[in-house]
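Shared chain: chain A. Partners: chain B in the first complex, chain C in the second.
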Partner chain A sequence: MKSLDPRVNRLPLTGNTSPKVLLDQFGTFEVFVQAKAGKPFQHEGVVHAPNLEMSYLLAKETFTRRFTCVSIYVVDTRNVHVSVLTEDEDNAYNHVTEVASSGNKVSFEIFHLFKRGKQHQHAGTVEASNPNEALWLASKQLKTEKQVFNIWAIHTDDIRFTHQDDLDLWHTLPDKKFRDAAAYKGGDKLKSFLEELKK
Partner chain B sequence: MYGGGNIFDEIKPDDVAGEDSIKLAEFEARIDRGEKIEPTDWMPKLYRKQLIRMIEQHAHSEIIGALPEGTWITRAPGFKRKMALMAKVQDEVGHGQLLYSAAETLGKSREQMIDDLINGKSKYSNVFNYPTFTWADCCFISWLVDAGAIVNQLANAKGSYGPYCRALERICAEESFHLKYGHHCVIYLASGTQKQRDMFQEAIYRWWPPMMHFFGPSDKISVHTEILMKWKVKMDTNDNMRNQFLDMYVPKIWELGFTIPDPKLKKNTATGRWEYTEPDWDEFKRVINGGGPCNKERLEVRRIAEERGRWVREALRAPKTEYITPLA
Partner chain C sequence: MNHEAIKELLYKMADDQLILGHRNSEWTGFGPLLEEDIAFSSMAQDKIGHSLALYTILHELGEQDPDTIAFTRNADQFHNTVFTELPNAEYDFSLIRHFLYDTSEALRFEILSQSSFEPLAQLAIKVRGELRYHTMHANTWIKQLGSATEESISKLQKSLEYALPYALGLFEPSLYESKLINEKVFEGEKALEEKWKKKVEEVIAQTQLQLPNWKTLTPHYGGRIGKHSEHLQPLLDEMSEVLRIDPTAEW
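Right, the complex of A and B next:
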């Protein structure tokens, strides 16, 4: 290949023009970020990764590359139990029905969507034997006056949390000033240049 | 970067004829109220199709847009510029990731999108089919192509589809760094030696026509997009976006003492609109259909990267995980 870029010129031509082989896709993982101490965890988006541990690293790089945060966590999308999505005055909790307990209780993290178009926020934890019971208990324990459009329930053990010894992942962030707009103040140089120009 | 000048399919009158009229009315009422549409909501087929197309084009533009700038990382003047450019290119690829995820919520898998890019089926921003000959070309992209993209993205962030808006909010926050960085680079070239000034002037001569193309064909000749504007998929007309960009940046370019290669370019004080020589839309079409100086190279680089990285993905593949549509 003839390119202006010497690196491109060095690329080996594979000679292969057949369409690529299908389906070498990774799993889907949902990412939650806690921006400040005391603030709830908030859903930020997804990453694709071969496993939970890799998804954690990719989430760190995708969502907290610039702004520092207290911690993040990730969960396999298949492990998120989703309620109906409602609109107008209809609270998602109106559609949650009573479910009897069915054995051992484990903890579930509950997330609320307060406004359509915004992100889900962590609301609290309930102890339940299955996700539907978790929603029912959340309607008793975590429901407030605030309108909720959608509820997620995630078994706490399915979440990859940030551990104490992960925190050094973010230690280098304050040194990376070159990533911030504030590091590119050209105002003075521009001003003196414009004054030169006028002379 | 780099959403802008999206190419929509031609819309036929019967495209929405088959839709449930009650559901359609509810859908439109929700958009009129300023509410967002979420992935599990009912939506017309045309809305889904055109949104996938637009967000996918935007994502590809981020990925391909990383190439003309990425090529300058090793040759950027000095350590600081290298670090900054590397961070910027990483951001662009990160934006591609966010946008692919947003498009995925509509039901098209990421792999299918990447396939369509490599096989030439999907488009990306035309501006990246031009080469960056010098460092100044790279600075033109960092400052002005990014600026154009921001005009577009700030408008789109007010659109009707929740996941796309959320991705754009994150993207726009990072763009402030790109814009400041790009302007900083240009100020240094402008206030440097005569040779540096000449370099940037030449870059303007090269990049002005693609920059004018960036916002897409003139409203007089572009595909009718009234229904997409009504559904808040497309937020403003191509000409309005172009006008907004000219309004914000032409004075800044002139302020630095540079010439823009269009003798007709001036602001009409009566209408408040910019007047300019009509861009060459035949050239635009020729390039978007594969005839530009770099189309082949851009796709070839992506394809080779895909092929050479395949063994890594194969090695990492884990049967326990499964690709599924993201939630939001």
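Right, the complex of A and C next:
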């Protein structure tokens, strides 16, 4: 099939098909964004990338090219430890059970989901020897009145944080309002065009 | 302060940014990954933004308004390097050009952040974070593909060898080198070229790519004095198409 875009040259269909190689694609990485200094990081979505460093690079423009923010971090999806997902009045912490410590303690970042369909928010850090113990300690240290539907625990060392030197990556974002659809003032343009037609 | 010398510096910087920004924007919708398409397009947009900032300084020095400067000159009135106007081929070439060009751009602005010409010094400080991302993006991709597979390494190597003489054209000395240096506006093309070579060597050393001996390369000069390849005029025609059809158009 020929494309309407002259720059697109498609290969002809040969009629021969073969099954796609399983998992012949990049893995996913979870992206967290901090909207303002002092505010908790919030999960925004995923990017596909060949490794953690590339995922940081791609996440920066995919998730922070438009709305102002001050920092991001990324983690391989496989390194996110997830609690059960609950509904209605059932708090995810009701399902967290006591786990004994088993060796060296490391830092885990804990994230809470306060509303189904919304994003996880960073709640705090616990020192635990494994992800399940991290959830247990979070239930003691970070659980609040607020209903939590899902909890994530991520080993801090698995996260690619923004380096201190790189915090100016987002300095010019407030000047880039033109990236917002609203900046095109499409409605105004249409209105003046229609008025022009009436004349 | 010598305005002719400063204008020459501003024009070549602004034209490089505008032309490469346009070239890189041609990848929008065609990038190798959705996420990379977005990143490369954003950086192309940044470059157009830098050209606008530089044309605005020129306007304050008495030149015409930025849109007139950008859209109504002919090819021989542009001061960009031939390097920036070369057509995109495959992504490996665009990545190598992005790496070689943005390394020079970031270093040029870093030098200019100390400039005695205040408007340029302020702009250099303002865009520092953007350029930090641009070079981080370029370096990470070059390190990734420059050590990945036989195919990616050989493609980048070929593009690197093709691009280097053109890239050296970025440092074509102007008639005003000593004026700019003496008035502490800019350290000069020679000093920038030395810093650039060092940085390029540093990144390439972390890959399986090979840099040729600098002495064997002949820089492709001419762009700074309006001597361009056949590729610039068609780019300008496309870029100014809307303005030529409807000079009052807003977009």
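Before moving on, here are some points about what is shown:
The definition used in the following text is that the second predicted complex is superposed on the first by the 146 of 199 C-alpha atoms of A that agree within 3 Å, B and C clash if a C-alpha of one lies under 4 Å from a C-alpha of the other, contacts with A are read in each partner's own complex, and residues count from 1 in each chain.
Throughout what follows, contacts are C-beta pairs under 8 Å (C-beta built on N, C-alpha and C of every residue); 3 or more make two chains touch, one makes a residue touch a chain.
Computed from a predicted model, the values in this text were never measured in an experiment.
Within the superposed three-chain model, A:25 lies in touch with chain B and out of touch with chain C [touch as defined at top].
Of the two partner chains, chain B is the only one that A:180 touches; chain C does not reach it.
By the document's definition of touching, both partners, chain B and chain C, reach A:189.
When both complexes are overlaid on chain A, the residue A:100 reaches neither chain B nor chain C. In the superposition on chain A, A:7 contacts both chain B and chain C.
Once chain A of one complex is fitted onto chain A of the other, the partner contacts of A:62 extend to both chain B and chain C. Annotation for chain A, partner touching more residues between chain B and chain C: B.
In the superposition on chain A, A:37 contacts neither chain B nor chain C.
Of the two partner chains placed by the overlay, chain B and chain C both lie in contact with A:54.
Note: residues 7, 26, 47-51, 54, 61-62, 65, 176, 179, 189 of chain A belong to the chain B contact set and to the chain C contact set alike, using the contact criterion stated above. Looking at the complex, you find that chain C touches chain A at residues 26, 30, 33-36, 38-39, 42-43, 45, 49, 126-130, 132-133, 136-137, 140-141, 144, 250.
Contact residues on chain B toward chain A in their complex (touch as defined above): 30, 35-36, 38, 40-41, 71, 74, 80, 83-84, 87, 90-91, 94, 97-98, 101, 104, 109-111, 115, 118-119, 131-133, 162, 165-167, 170, 174, 176-177, 179-181, 183-184, 187-188, 190-191, 255-257, 297, 300-301, 303-304, 306-308, 310, 313-314, 316-318, 320-328.
Within the complex formed with chain C, the chain A residues making contact are 7, 26, 47-51, 53-54, 57-62, 65, 166, 168-172, 176, 179, 189.
By the touch rule above, chain A contacts chain B in their complex via residues 1, 3-5, 7-8, 11-14, 16, 19-28, 30, 43-51, 54, 61-63, 65-66, 76-78, 80, 82, 85, 87, 116-120, 150, 152, 176, 178-181, 183-186, 189-190, 192-194, 196-197.
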